[in-house]
Amino acid sequence: MIDWLALTVALPLLGSVLVAAIPARSPGIGMATGLLTTTAALSVGVLIAHAGEPRSDLGGWGVPLGIALQADGLSGALLVMANLVALGISAYALGYFASGLRRHFWPLWLLLWSSLNALFLAADVFNIYVTLELLGIAAAALGALTGGQAAIAANLRYLLVGLLGSMTYLLGVAILYTGLGTLDLRLAAESLTPGPLAWTAGALMLGGLLLKAALFPLHFWLPPAHAQAPAPVSAALSALVVKAAFYLVLRLWIDLFAPVVGPGPGILLGALGAGGVIWGSWRAFRSERLKLLAAYSTVAQVGYLFLLFPLLAAAALPKQQELLGALLLLALTHGFAKAGLFLSAGLLQKHAGHDRIAELGPAIRSLPAVAFAMGLAGVALVGLPPSGAFIAKWILLTESFAMDRWWWALVVLVGTLMASAYVFRLLENAFGPAAHLDAVELGGDVQTEKIGRMIQAPALLMALVAVVLLGLGAESLWGLLGSSSP
Amino acid sequence: MATQLLFGLVGIILFLLGVWSFLAHRPLLRKLIALNVMGAGVFHVLVAVAYRGLEKTPDPIPHALVLTGIVVAVSATALALTLGQRLEHEDD
Amino acid sequence: MIPDNILPAAIVLSSLIPGLFIFLLDEERHVLRTVLNMAGALGKLVLVGLLIQGVYEERLIESRWTLAPGLDLVLSADALSVLFVTLSTVLWLVTTVYAVGYLEHSPNRSRFFGFFSLCVTATVGLALAGNLLTFVIFYEALTLSTYPLVAHRGTPDSAQGARVYLAYTLGGGVLLLTGAVWLRSLAGPVIFTQGGMLSDLAGVYDGQLIAIFFLLVGGLGVKAALVPLHGWLPQAMVAPAPVSALLHAVAVVKAGAFGIIRVVYDIYGVVLAESLGLLSVLATMASITIIYGSLRALSQDGLKKRLAYSTVSQVSYIALGASVFGPIATIGGVVHLVHQGVMKITMFFCAGNYAETLGVHRVSEMNGVGRRMPWTTLAFTVGALGMIGVPPVAGFVSKWYLGLGAAEAGSDWVLLILVASSLLNAAYFFPILFRAWLADPPASWPEEHIAARRLETTGALLWPPVVTALLALVAGLFAAAPVSPLEWAELIARREYGL
């Protein structure tokens, strides 16, 4: 019996060490590790689809002393998405980094990948802390990779804010342990009762995580950090790292805290989410630079995800499954779409030497495949059909009306209009005078590069998944959710 | 019992002090120290939780958490200091 | 031969798949591109023929795909969808020929024809939609696929026109979406059912149903150019002529009008709509649009702009037909979907011909153009006469039925609107005809791109308007024949009213 769960964590870790030891071979080893890890993740997905909730007690040690890895429909789907996106980013990174940065990128990247997988599979609240910290450290280091002033400053802030969040979380864990005597998620869920313990621990743990998930108004660190990082790292940060923090909020909410706190916190989260949608979309519209636009778009998207919390809290059990599926679909679509957008942005930045939207016209027009990928990603971010986000939005809207909570629907609709504004402000540059990029338009001293065909593929593939695969094939997600708990 | 309470309360006070300092002070070093003080506060709480009375040995799990927490805090602090130093150099 | 549950999906795919391949073609491969286009168009025509047969025999022809629990993408064929699909398919074929000729030597043709095919895919998908969800999906897809066509030329004017277009249509899309999800939350899956499917909710949810109706019609009315939501249409004239032809005859405006018909007949049902007072409001909105559009057309010197405002006016005849209670008015409105499409596309083709061949863009430049381009101007004349309502062109038939239906329903003021609008149509079309045929041509044309040889312009530009003008004539002359659009419209009305 191959322990696929453990492999998803162990393989990238091993790869990371190898790549640090043999820098000359880093792309090859890195890519190979990536492929193997993704295979392992897909196997986990298959396991879930067939057999429910696989669990692996590492080293044979059970609860409460051992560390266990656990997957169910929710974490499994996110795991598969994360690994596929990471694979795409790896392929992209092969062509993106010059030899200098390459040797620093791969070890950190594989470390990030490993901690990401471990996070999705974590089965107790302390393991979550460990993986969260690993993820944060790797992400901050990667974000500052280029070594520029702005990048370092932004990612240093990211690191510090992240530490604040995880310390808060850890205190919550301590308090939880005081009351319940266990760290395991399932056992804790069984013994948690409403009361000051639940409230305190919940506030601390969720508060810390919300900081990392960039929920408005705790999002302030995100735009600079994501905009300054190199494109493949930005893709990972926006599409995956933030998603991981969100996943943890969702997990703790559903498994531990929702049954024991009233509707109040759900509504608060929804309200903050609404703020994120409006503020993030507005700032995205006002952005002059492409990567900043994409980063603010992430803030808005995170807001959308939190809009579902009050509905989840208020819904009856069968409806909860439907809403959960919609939430998952939204998260998955966004993951692929945002990665596609950042990867495209990276190529445009390389080609034009800058990422100022107003002047990107010639670059966009000379790279039609990239423009198309960006267009598809944009469609998914706005939530237009046939993307998966549209279906998720439809469910969210219908349920808001059905539960007489139409104000959430209003936020979604306004958000859609705003998202259309900033997406099409970007895309309209794809239509213009004939495409050619010459030195006259760029200014002599700016560095530009020719973009090969292969490197354009990952962005296009991600965008296609977001729009076509998740648009038409979403039904199986609910099956995946259903084949596991509750 | 009183020892436990003392440790726990001190831990919480340290944590709050750390948070305040982190938010209030601008220099990097101050923030890092604040974070470490926060960490120390949490570790105090954990040690307090581990106490099971004079007769029995303490609960090993919170101690394991403290050890892991210290390692993590040290690594993160190291990274932050490196980044901070880079920032100083860039300024020159 | 082709199973009934694959046929609708196949019709949609017959333009999607060639379209996707066309995107990948290099610019120089014009032969292959034309072959793909024509193969798709002809294939679609064949499939539509099978569809017509199936619907006539009242078979259940439906393709279904589950998107999520309780959310199905449904493509099904009934008499109304067949009408729209046939119109779209025939006119797509003709427009493809025209576009190949018009865009010769233009850049970015692969991109153009790629989005062109996507646009048709969206239109037929919308026509075949069996529930509101599917309709909304293809309606938005239509917006997305037509935007690049409007922006195609890449000039600042095009960009501005496209921006306005997008703002209006995405806004309309949000209205439509709001109405759709609201209705879904009240009534469950909204499946298009002859006679309407909301009768259970009447009496209890009247207020909400009325609000939803306005949201839906508002969203649809943007594309259907109902005043005051019509602002994008004249601005969108910056697009190349084949795009204007497609937008105004087939895809966008008709999609909006078609949607309004669906809402009135197959969601609410005429009886419920009448009892909620919705029909009279719709009739008022349609009438205002008819008159306003014609008045604005009077003052336009730009030929395409004048035709644009004429479209604003004419498409509302369809909404008017839907809003007058009674099968005869229904027939008039529904058949005008076809007739207006054929007539208007003729006129836009001709406008494109004048621009491409002679550099003539304004009515004031059209003196004596009939002598230089007789066939084009003949086609234009047929279209204009049809718009005014002169027999035997098809437009006369639709106006006749609308008038008759209005009289039967006792809505005399509608009759007045029809007469007034015909007079206005004459007022802005006859001067063009006089100029074209009777005035002396200028010493030289603004920019003669294509010299007159055997034919007055290139074949690809000439044949399409001649063919469509002929169709308009035939549809009118042989309206009583068993295969005419009128007969089909009568079938639709019969099934709708349960006669």
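By written order: A, B and C. Residues from 1 in each chain.
Operating definition for what follows: a residue touches a chain if its C-beta (ideal position, glycine included) is under 8 Å from a C-beta of that chain, and two chains touch if they have at least 3 such contacts.
Since the model is a prediction, treat every value here as computed from it, not as a measurement.
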item	value
Chain-level touch network, classified as line, ring, star, complete or other	line
Central chain of the complex, centres being mean CA coordinates	A
For chain B paired with chain C, centre-to-centre distance based on mean C-alpha positions, whole Å	69
Distance between the centres, which are taken as Cα means, of chain B and chain A, whole angstrom	28
Whole-Å gap separating chain A and chain C, where each centre is the average of the chain's CA atoms	43
Chain A residues counted as touching two or more neighbouring chains	none
Chain A residues within the chain B interface of the complex	64-65, 126, 129-130, 133, 136-137, 140-141, 144, 147-149, 152-153, 155-156, 159-160, 163-164, 167-168, 170-171, 173-175, 177-178, 183
Residues of chain C touching chain A in the complex	23, 65-71, 107, 111, 133, 136-138, 140-141, 144, 147-148, 151-152, 154, 158-159, 162-163, 166, 170-171, 174, 177-178, 181-182, 184-186
Complex contact set, residues of chain A against chain C	322, 325-326, 329, 368, 372, 379, 384-386, 390-391, 394-395, 397-402, 406, 409, 413, 416-417, 420, 424, 428, 430-434, 471-472, 474-475, 478
Footprint of chain A on chain B - complex, ascending	15, 18-19, 22, 28, 31-32, 35, 38-39, 41-42, 45-46, 49, 61-62, 65, 68-69, 72-73, 75-76, 79-80, 83-84, 86-87, 90-91
